[in-house]
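You will see chain A twice below: alongside chain B first, and alongside chain C after that.
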Partner chain A sequence: MVEFSPETIEMVIRSVSVIAAGLALIAGIGPGVGMGFAAGKATSAVRRQPEARGSIVTTMLLGQIISGSTGIYSLVIAIYLVFT
Partner chain B sequence: MNPGPQVVTHLFGKSYLPVTDTLLIGWLSVILIIILARYLTKNLKLRPEGKQNVAELMVTAIYDQIEPMLPGEGWRFLPFIATIFIYIGFCNLIGFVPGLTSPTGDLNTTLGLALVVFLVSHYEGMREKGVWGYFKSFGQPVIFLLPLNIVSEFAKPISHSFRLFGNIVGGGIIITLIYQAAPGLVPVPLHAWFDLFIGLIQALIFGMVAISYISVAKS
Partner chain C sequence: MKYINDPNRMQIEIIKKTYIFSIIPIVYALIAGEFETLLGFILGLIISTLLLRLRVLNIERSLDMPEGKAETFIRNRYFIEYLIYFAVLVVAKRNPSLNFLATAVGLFMMKFTVIIWAIFDMAKGGLQNKLKDYKDLKEDKYEKGGQ
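Right after this comes the complex of A and B.
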């Protein structure tokens, strides 16, 4: 059985948590795709009905906010992994 | 970069009631907003001119956001939503002043605001449907969904506060990284994006999500 010194264990934990923070940001793919999809649909809706632009933009923003939450969660987890 | 809240001083001795810089800058922005509001609304006239136009533009812009989602109650919710919007927008913009950090980059501020919105939305739901009718609406459409509805109700203030906090802190971290990689004039346009645009958009979004939570609780 190999004994590791506490400094080595500390270093391994820090480096692994930095790698994990980078991996956590992969979650940014999902909100990006979802928000882009919503924006594309809203663009075609505005083209079909230019007079309803205000309510379309409001609805699109609300949907994007909700779908963007997951990206924010991953960002917060990454921040906590790096700075603790 | 935003290093998080720093304890500046203590009220009452050496360890009671710590005062952080978030608290001081938050109060500073409250005082500045009061001075600005007093200046903008001094000697109002029936025919607006000059600074009164700015004040009326802000009020009607916020009113136009509330009225479609809470029909007929725009003026009732205007003070609450406009307070949230103006306070968060001002707090995001005050980070431009050198030496001051945005109070919204601290989870305490955003979670406090989100909890206020949480309490107001539940109060409005109970006012609309009665206390028992409101609690019964969590068991809709089948009683089987009751735990899920309660969990999603408590997830609302968490996601509401972390959204603002994450956006402000994430922008600050990216700007700090670019300052280390390319100091000089390169990061200056990024301040316009991350502080000015994202700050104002996030203030608008926080207010709009507050309106939608209230209208969901009422319907």
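Right after this comes the complex of A and C.
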């Protein structure tokens, strides 16, 4: 049976955790793309119905607040993996 | 939600409600004497408040742009916000006088508040509808009894 030294095991754990942090950060791309898409559609909606601008801005703001949180979840996990 | 047509009023309401909800963890941290938690939480809260203001300004700016340009603009701004979140969380992790998880909770507080507010509004609307139905039913019964 092959035995690894504690230094090797620690190095493997560190490298795998850095890879996992990188993979976790992929989750941050999705909300950005989604928010951009929503903003584009909101712009065309305001152009069609300028009197609804206030409600469009508010709805978009609430949507962005909620959708942005998934990116931060992944960020928290990634930082925890890298710095612990 | 009452101020759905007025973004500025809505923004003030969100901030006000977030601070009211934040009293609970702040008082807990003060009573328990966990000053790292308190400082981390307040840092997260301040950053999330400033980012909310930035987000409103970005949205209002994007509405005057063409569709494709607005899409790219908001996407780029989101990644800048993401970098700010990253910087804040790294600072909280590396600084021993700030609690990392408390900072993360402070950053999330605004999202929690909006979700709780929406659930509360939904429950309130449902309850009011049920009460109205019950009153209508009662009035119908009285009318039928009177005849």
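The rule is simple: the second predicted complex is superposed on the first by the 84 of 84 C-alpha atoms of A that agree within 3 Å, B and C clash if a C-alpha of one lies under 4 Å from a C-alpha of the other, contacts with A are read in each partner's own complex, and residues count from 1 in each chain.
We adopt the following convention: contacts are C-beta pairs under 8 Å (C-beta built on N, C-alpha and C of every residue); 3 or more make two chains touch, one makes a residue touch a chain.
These numbers come from a predicted model, not from an experiment.
Within the superposed three-chain model, A:G32 lies in touch with chain C and out of touch with chain B [touch as defined at top].
After superposition on the shared chain, chain A has more residues touched by C, the comparison being chain B against chain C. In the superposition on chain A, A:G40 contacts chain C only, with no contact to chain B. In the superposition on chain A, A:V76 contacts both chain B and chain C.
Once the two complexes are overlaid on the shared chain, A:R53 sits against chain C while remaining clear of chain B.
Look at A:V12: by the touch rule set out above, it reaches neither chain B nor chain C.
Contacts of A:L62 after superposition on the shared chain: both chain B and chain C are touched.
Comparing the two interfaces of chain A, the one with chain B and the one with chain C have residues 55, 58, 61-62, 65, 68-69, 72, 75-76, 79 in common.
Against chain B, the residues of chain A that register as touching in their complex are 55, 58, 61-62, 65, 68-69, 72-73, 75-76, 79.
Those residues of chain A that touch chain C in the shared complex are 28, 31-33, 35-44, 46, 53-62, 64-66, 68-69, 71-72, 75-76, 79-80, 83. The residues of chain B lying in touch with chain A in their complex are 65, 68, 159, 162-163, 165-167, 169-170, 173, 205, 208-209, 212. If you check the complex, the residues on chain C that touch chain A are 1, 3-7, 10-11, 14, 52, 55-56, 59-60, 62-63, 65-68, 70-75, 78-79, 81-82, 85-86, 89-90, 93-94, 100, 104, 107-108, 110-111, 114-115, 118.
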